[in-house]
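Quick heads-up: structures coming right below.
Here come two complexes built around subunit A, the first alongside subunit B, the second alongside subunit C.
Showing the complex of A and B:
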């Protein structure tokens, strides 16, 4: 599989936060979700890809080219949706569009018109009067109207109602139909990724926990539930995060087979985790 | 083709797809040579990951239910007629086994059961 994005040993140091040695790839034709708790480094990675901040070391290749050396060429083919939209608040949407569209040689005004209609965007409204959802739709329509091959979105679904979130996910899966495009989006609403994402990259404290096919992740991990009398250092070494409560425990494990062999099905219950479970146990665990 | 994905099912999504396509082939709802949607189209329609539908098709291919021709898509394959026959034989076997155990419970002897079978078989002809 050819990669639209390749990140190797990426590092960014801030006073109070370090992105450590981040590496992952995204092939053409697929959707990747970037998940992690707030402050984990999701936005930092996206900003580094867009070269909005300078990396300390490492390599980022987009369309096989260095993202700094070929910045202009690469960016003309990226559709980028910001967490905080950078538009003129007091201007109308059509005025904002006129400004943005100048920057793209491949601007397709007809296509923009179609998206504006589909998303029910009123181009006469001033940007500042829009709801959060409308602002997102407007940004998205812009991002999709200059023949972009790589769509990058920072938290596109936060603050959106479930109806539009579903619509957005449908738009994503339509976009990748031709196998020439790819989508990378950060989110903390993991249910959005549960079905549609092909790959999930999980970041915690500036470090990659995993970057894998979502199916593989959900199949290989399990949530074990049982009585506290079963616990001990040997057992707990098989867990990645454990939550003990008054009446028993719950824990995340990548060793489902071993746990089954050890206890048999009767003494513990083993369930399939959701991405949220995995994020929860990996982030807030009291030991293990 | 009809596919219903259940999120509450114990089976992984790719397996739900393969099971449903297989049973539609065995039922005859899907016929030899029929084209299947592309993996991307199916993923988009069902609102699931491309990797999931890809895996489902790969499994079906491995088991000989479908053929994938590069550039043309995936089709219901020919060989599964024999497979289908085998499957149906298994159904007959299961039903006979059921009849045998019923008969044993009632104390019917093998000779009498055999006689019943041959009468039924000839009646059908």
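Showing the complex of A and C:
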């Protein structure tokens, strides 16, 4: 599989936060979701890919090229959506669009018009008068209208109503059908990822906890519930985010087979987790 | 680069129109105002005008937008200078042109700008404006708009008062300095400068001595050098900047 994005040993040091040795790849034709708690480093990774901030070490290749050396060329093929839309508040949407569109050689005004209609965007409105959801829709229309091959989105679905969110996810799915494009997006709404993501990268405290196929994650991980008497140092090392309560414990584990062999089905119950469960348990985990 | 500069006029067109409109109305003020003071006010107008796109950029965080677009960072910096210089040129050109139009078609106003304006004076003010912009842009790139403007106003105020106080203090120590500075005995240096047109007197003397061509070439070369150094610093700072 050829990768549209390759990140190797990426490091970024701030005074109070460090992104440590991050490595993952995204192949052409797939959608990857970046998840993690607030301040985990999702936006930092996106900013590093877009070269908005400088990396301390490591390598980022987009379309097989270094993202700093070939910055302009790469950015002409990237569609971006930021958490806080960076547009002129006092200008109308069509004026803002005119500022952006002139810099893309592949800009497709008809396509933009189509998205504007589909997203019910009034181009005469001033940017400052829009709701967060409408601002996001406008950004999305811009990002999708210059035949970008790589779409990077930072929290694109926050502020959007559920109906539009679902429509948007369908658009994303359609976009990657030709297998020449890919989408990377960070989100807190894990149900969106369950619906469309092919890969999930989980970040916590600047570290990649896992970066794998979503199906593999959901199949191989499990939530184990059992009595507290089963817990011990050796057993606890197999779990993430153990939650003890009056009647027993529950915890997340990537070692479903081992747990089944050790305890059998009668002493513990094992359920399939959702991505939200995984995020919840991993966020409350101190290792393991 | 021109496209990027032109967007600054889209962003600040309302203020550009206000600026031009203001000087259109204010031209008859030349009747009661010295040319120096008039140009000093135009300089302020030109400076404010060239700052408008940068303030909008700072308010709406649109720097991130430009960094995310397929534009070379060097071009982004160049365009910032270019739009600032176009703003300065437009403001000065219109204020002089309009005064000339009034002179020709409304002689009753008796503005007489051609007799009162000197090339040296005009160049001094343009050079001063370009110089200020060249100092400000790298500072804005490094420290951000709001911080830079606040600090600049503070530093300018301290420098102006410090300069006035220093000169006045020196004059009070040595009466002979009165004859050198030609300020009279009241020590009101800034007011005297404005009243006696001394701000451009020095440059005027140079131009008289060396002739217009050499003086203009010298001023243009000095201006170009200042701008060149400023752009070099700005590009370096912009490449290092994190958003």
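Quick notes on this structure:
Assume the second predicted complex is superposed on the first by the 284 of 288 C-alpha atoms of A that agree within 3 Å, B and C clash if a C-alpha of one lies under 4 Å from a C-alpha of the other, contacts with A are read in each partner's own complex, and residues count from 1 in each chain.
Going forward, a residue touches a chain if its C-beta (ideal position, glycine included) is under 8 Å from a C-beta of that chain, and two chains touch if they have at least 3 such contacts.
Just so it is clear, the model here is predicted, and its values are computed rather than measured.
In the superposition on chain A, A:17 makes contact with neither subunit B nor subunit C. When the two complexes are overlaid on their common chain A, residue A:82 makes contact with subunit C while staying clear of subunit B. When both complexes are overlaid on chain A, the residue A:196 reaches subunit B alone and has no touch with subunit C. In the superposition on chain A, A:29 makes contact with subunit B only, while subunit C stays out of contact range. Residue contacts after overlaying the shared chain place A:95 against subunit C, while subunit B stays out of touching range. Considering which of subunit B and subunit C touches more of subunit A, the answer is C. In the superposed model, A:50 lies in contact with subunit C only, and not with subunit B. Once the two complexes are overlaid on the shared chain, A:104 sits against subunit C while remaining clear of subunit B. Of the two partner chains, subunit B is the only one that A:214 touches; subunit C does not reach it. For subunit A in complex with subunit B, the residues that touch the partner chain are 29-31, 169-170, 173-174, 176-177, 179, 195-199, 213-215, 218-219, 272.
Within the complex, the subunit A residues that touch subunit C are 47, 50-54, 72-73, 75-76, 78, 80, 82, 84, 86-91, 95, 98-100, 102-104.
In the complex of the two chains, the subunit C residues touching subunit A come out as 3, 7, 10-11, 56, 59-65, 67-72, 240, 242-243.
The touching residues of subunit B, when paired with subunit A in their complex, are 10, 12-14, 40-41, 43-44, 47-52, 55.
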